[in-house]
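Residue numbering begins at 1 within each chain, and the chains themselves are lettered A, B and C in the order written.
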């Protein structure tokens, strides 16, 4: 993995750990619960990717990832000592950074291991969305990815653009930066303007009776 | 894998992808969210099986699976353009087909990799139920498997019958068809007549106070 | 694995299977649903550990684990024939035993496979908490680990104490017993006196509007 990718990966770990810690604060967890939720969010997606690709899981060989998560969770707790009012947008924005970074990094890793392009884009999307999905599922919230604000879409754009630029033999540094920026801008724009793709809606005929069961 | 198994597998992917797309429509996801939920439902169980058996994950080597999911999700969205009233039974029936197919295919794969019979039946059940469980958990719904309508039971029947017929050296084609039909008929009958096994019920003494916390 | 570890592992399987069955009874599942929830609780954490460490999954080679789960679930159902009032504390205590046992066993396994200490402690915690987390997520309950009663904390204490005693070359039997007891006592004390670490709380500014969406 190139130097650039390594630092971007670390940055992704920090922002996702932060988003996990912020979510933990909203549910008033104890400090170790905060660390667990930070860790699940930060390394859940990459762990799933590596397990499915059956390549050694990235954080086993390098404890720096765990230390970064611990430090991020600790600093978040220390910095926000008393209950504070923090705009929900902080959580959304740190999540968006992690999503964009990990979608591209995951696609790159899958391609470098020889995966076909559609498989690599899926692995990238999984790297980007799975950590946040686990975080939301653990907090009993319907995952962000299932809401209407262009979430999976941004991850797929980032991964697919990277695969395309890679295929066109654009220098890797440029390809990575462009792909991350495209995913990030799309996701932030969707948050800011509350843009959504048109929803696919089914009205469930029997739902009322079923829900009473 | 035999020709028959291959086509049944593809059919299972399609019906589970459909059940994921229908669920997505009930929660009004955006088009890429529909694709994600279809994919999780269709390949979640088999992925879990292959990861636990530590054999290469089936959809990595063959992108046809991903294309099938994409096509199924796209066709579902196109076919149901405006919000429609779709009976919940559609979702239940497509889910039942996927359950029966994957329970038997999963058992077969585990046996062919040398697993003991009880382990193989468990792997089959997991292949059949895990995709739908992930779908339901992501939508914040208690999974079908935890309701009372003979769900895990049908998957175990299918897998165990296949293992038995396989042990009796019944020709594989016949064993597969019989096992799938048995699981499917049992599950559809349970849906149709709302048959359940007697529930195992504990009344929780302290639940009221706890729930208030 | 030493004789002692083997029997403690079996005991952990039984108490976690029991906690899964008790939870199943509270949600009135059918008998096979009870078995599934028992199995997920009992082997979910260890399965995740082995998959991430990419070592053969422990229950594949030894069907005794599945038989134990089946027997525990069956005995629970038979013993509690009619709906009964069972104090919620039963569930919490069996869960605490499983947590303490598996946290230490998981740490030991990771260390013996050559993992670094922080990684091993994390793998131990995962072994201890993941089964219960899966159980709670499937029942659509916010996992115990996310409540404030020193849950992850107890698992980390057990694993870290084991790693320390192991480093100090304390005989393995003594190290295991001490580490398990420390985690168990801490968790039971937290349940009994409702002790919690101070919660980390964020008040979410926009949550009201968001929740209405």
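Miscellaneous remarks
Definition applied: contacts are C-beta pairs under 8 Å (C-beta built on N, C-alpha and C of every residue); 3 or more make two chains touch, one makes a residue touch a chain.
Quantities reported herein were computed from a predicted structural model and do not represent experimental measurements.
If you sketch which chains touch which, every chain touches every other chain without exception. Counting the residue numbers that touch the partner chain, chain A and chain C have less than half of them in common.
Put simply, chain B has to spin 120° for its C-alpha atoms to lie on chain C, with the angle rounded to a multiple of 5. Between the CA-based centres of chain A and chain C the separation comes to 27 Å, rounded to the whole angstrom.
Shared interface positions of chain B, defined as residues touching 2 or more other chains, are 51, 54, 137, 140. Those residues of chain C whose C-beta lies close enough to touch chain B in the complex are 21-22, 24-37, 39, 47, 51, 54, 56-57, 59-60, 63, 66-67, 76-77, 80, 83-89, 137-140. Listing the residues of chain B that touch chain C in their complex gives 51-54, 115-116, 118-119, 122, 125, 129, 133, 137, 140-143, 145-153, 156, 196-207, 210.
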